[in-house]
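One structure coming up, written as structure tokens, with questions to follow.
First chain written, first letter: the chains are A, B, C and D, and each begins at residue 1.
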Amino acid sequence: MQSFDLSRRLTAEALGTGFLVAAVVGSGIMAEKLSGGNDAIALLCNTIPTGAVLFVIITVFISVSGAHFNPAVSFVMMLRGELTLAVMAGYIAAQIVGGCLGTLAAHLMFDLPTIQISLHARNGPPQWFAEFVATFGLLMTILGCVRFNKIDAIAPAVGLYITSAYWFTASTSFANPAVTIARSLSDTFSGIAPGDVPAFVAAQLLGAAAAAYLLAWLLRGRDASAQEPAGNP
Amino acid sequence: MQSFDLSRRLTAEALGTGFLVAAVVGSGIMAEKLSGGNDAIALLCNTIPTGAVLFVIITVFISVSGAHFNPAVSFVMMLRGELTLAVMAGYIAAQIVGGCLGTLAAHLMFDLPTIQISLHARNGPPQWFAEFVATFGLLMTILGCVRFNKIDAIAPAVGLYITSAYWFTASTSFANPAVTIARSLSDTFSGIAPGDVPAFVAAQLLGAAAAAYLLAWLLRGRDASAQEPAGNP
Amino acid sequence: MQSFDLSRRLTAEALGTGFLVAAVVGSGIMAEKLSGGNDAIALLCNTIPTGAVLFVIITVFISVSGAHFNPAVSFVMMLRGELTLAVMAGYIAAQIVGGCLGTLAAHLMFDLPTIQISLHARNGPPQWFAEFVATFGLLMTILGCVRFNKIDAIAPAVGLYITSAYWFTASTSFANPAVTIARSLSDTFSGIAPGDVPAFVAAQLLGAAAAAYLLAWLLRGRDASAQEPAGNP
Amino acid sequence: MQSFDLSRRLTAEALGTGFLVAAVVGSGIMAEKLSGGNDAIALLCNTIPTGAVLFVIITVFISVSGAHFNPAVSFVMMLRGELTLAVMAGYIAAQIVGGCLGTLAAHLMFDLPTIQISLHARNGPPQWFAEFVATFGLLMTILGCVRFNKIDAIAPAVGLYITSAYWFTASTSFANPAVTIARSLSDTFSGIAPGDVPAFVAAQLLGAAAAAYLLAWLLRGRDASAQEPAGNP
């Protein structure tokens, strides 16, 4: 049963994705500017704000729209029958529009040219495999929490998953088609060249679908009650 | 129904804001002193203590005074009819007094001149827009948690929001008129020149009011029950 | 009462351990590559992703398999009578296989030779004592949470324990035989020479057994109810 | 009503304080060794493990002994009538013994001389005022959580308070007489010269007593129910 009408749900998706992208792009700009050329420090100062804002926007909006902020998530929810195709399309449009506005807002705040095109090449099979793994893990995280009714755990789990995946996935875990598109509009630390976007998005959707498929089998227990861990009575 | 009398509520606001400002200013001093000129490290070591202390003071005082520690928050609570104008004025006075004492305490602990005037220029439309965004997001965070009765989530959400906003808002997210005033009294890492305070405060109050207005529409559901995310049954 | 059949439990153990090792090895590669020779920054950027992913995989899989991801934990659960010897053997095999696949996945993502043998020497009594302490503390953490039915606290407690132990145990706290074996297959930041593995594993199992023994006595109260702290009424 | 007998409670206090000090001293050694002379990085890598281990040991032992691990806390609990003088003396002895063993364990793990005397001077009124503030804030944190029955919040609140106070208190927030004594036995990053210990301990006990006194007034509401924030209905 839906509690919020579609206009509010789409606004929540746009607003949340906007803050997510503003955090990714903005903290990337700040981090690169201040880090004196040490890229580990720059990436750490890009990671922590990203993980932190995910906790916030999921906590705030999960009861409004489900807090997807990510076409790969909306796609899986459609596969699971929880969104119609039309609502999924609306969600994805709102996410992309909100994400691009987030990039613009970051540029305005940092006094940079509003519209940019990234020249940051990110491609090749290892990067694509990394995006597959990154998005697989993200959906594994979400579906695991949903399966066991750990709704309050989604915000910290997703925030911490992305915090981790920024470092272990080689591509720094975009894991989100709307964010990928929005990041192509910023020629800064977190950008991606527009020509490299389609392969990233394809890898992300494949990873999401693979997770949906595997987890549908893995998490189908016989008589599972939510909070009792097997083997830890 | 209020459980604590006004003297206790004002003391809680002053004490909490004092610890908040002491953490902001004190960790800024320590971070700058130790970071060997790498400003990303300095800002990270200013960010983490600030986010952490917000969790603490909100957890401790939310049941006493609501744990505003911020005139922009008290202003919105007055707009929502939850504080009278007179109580709001008392809250704001307590926050400013407590915040300034926090600056003095930080200077005493670090053996610096007690009273200082910051020379740190922070101005221009990008900075003001950043403060608008920062405070908009802060109120979005708080109002979202309040709307869905996630009272225990306010402390981590606000702590993590500020952790993120320090990096993505260009102005390092003051987002708080009392803290802005208190920081004008410290010519250290986190200071702001007194002449730049009014525009910051104006941008903060505009951002807070905009959030109150938009969220009042966005979070008005039809029959929302707190913890059921739409689309994640 | 078990809710998931053995094939799902073993898959969960393999998948979770795979993500754990991918995070350890992958973030180690990324961190070393970007940190410009500052090993504290590299280790910090190895620590945070490891702690974060532990929160995630425990949250997701604890209700499926108990979320051991660690032969030392499965060993103690067998000692406590919660796993049969045969199931323990299955768990350990799944953890080792999953862990090694995690190493391979990290190498693939970072475009490195898939199969490697670490040359990183880690040995000597101080390192072994460190592994004893590290694993003792890990089991202390888990058994304490289990004892007081703080099931939701296991994920943050284990994540934060390892975050801490990476720094205070000299060996950077492997504390996990499956992860130790998997890390011997990577000649990168987090590797360990294969010849040094057996002594590490022995120290880990001794630490785990010592914790099981001491905690069995320490946590046996007279009439303890889970959440009432003694001395803090 | 106490659930655990005194021998178990004292063991829990000694074991927990031992892990706390091992984390403080051990991570200080590791951080200094790896940080290439950047003291902000060293202190950050000392801070994070300390805050993290506090979450762990409080979560594990709060139901056994109250998880004080700190004579200043036991002193205030005695003032509040929750510990007899004799039990307080036992707690403090266990904390000091456990803390000193933690220092020894750190030295053994890092292959350093087991017994050392710190030469690190830490004194003067600003440092003493910093210890007063640090311990005041620590007790404010604990008493606030206890007052509103937020027992599960004590572990994250104390961990995050110390994370913050390491940076904003100039003395790096020892805030614990047993830890102060134990740190005098290590001539490493986190040490303190034995001659500077008494003034630190005095400042800590004064800060703790001041917090107990002020909070006893501040947190005495008329008809407070734990989770309803005033002003946020």
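The criterion applied here is as follows: a contact is a pair of C-beta atoms (placed from the backbone, for glycine too) under 8 Å apart; a residue touches a chain by one contact, two chains touch by 3 or more.
All figures in this text were calculated on a predicted structure; none of them were measured in a lab.
Path length between chain B and chain C in the chain contact graph, taken as the least number of steps between touching chains: 2.
Common neighbours of chain B and chain D under the contact rule above are absent.
Distance from the centre of chain C peaks at B, each centre being the average of the chain's Cα atoms. Rotation angle, chain A onto chain B, C-alpha superposition: 90 degrees, expressed as a multiple of 5.
By the residue-number overlap criterion, the interface of chain C with chain D counts as different, with under half of its numbers used by both chains. Centre to centre, using the average C-alpha position, chain A and chain C are separated by 27 Å. Centres computed as Cα averages put chain A at a distance of 38 Å from chain D. Among the residues of chain D, those in touch with two or more other chains are 38, 41-42, 44, 156.
Two chains count as a pair here when they touch; such pairs are A-B, A-C, B-D, C-D.
If you check the complex, the residues on chain A that touch chain C are 37-44, 47, 51, 124, 126, 129-130, 133, 137, 140-141, 144-145, 148, 150, 153, 156-157, 160-161, 163-171, 217-233.
Contacts from chain B toward chain D in the complex involve residues 1-5, 8-9, 11-12, 15, 19, 22-23, 25-27, 30-31, 34-36, 38, 41-42, 44-46, 48-50, 52-53, 55-56, 59-68, 77, 82-83, 105-106, 108-111, 146, 151-152, 154-156, 159.
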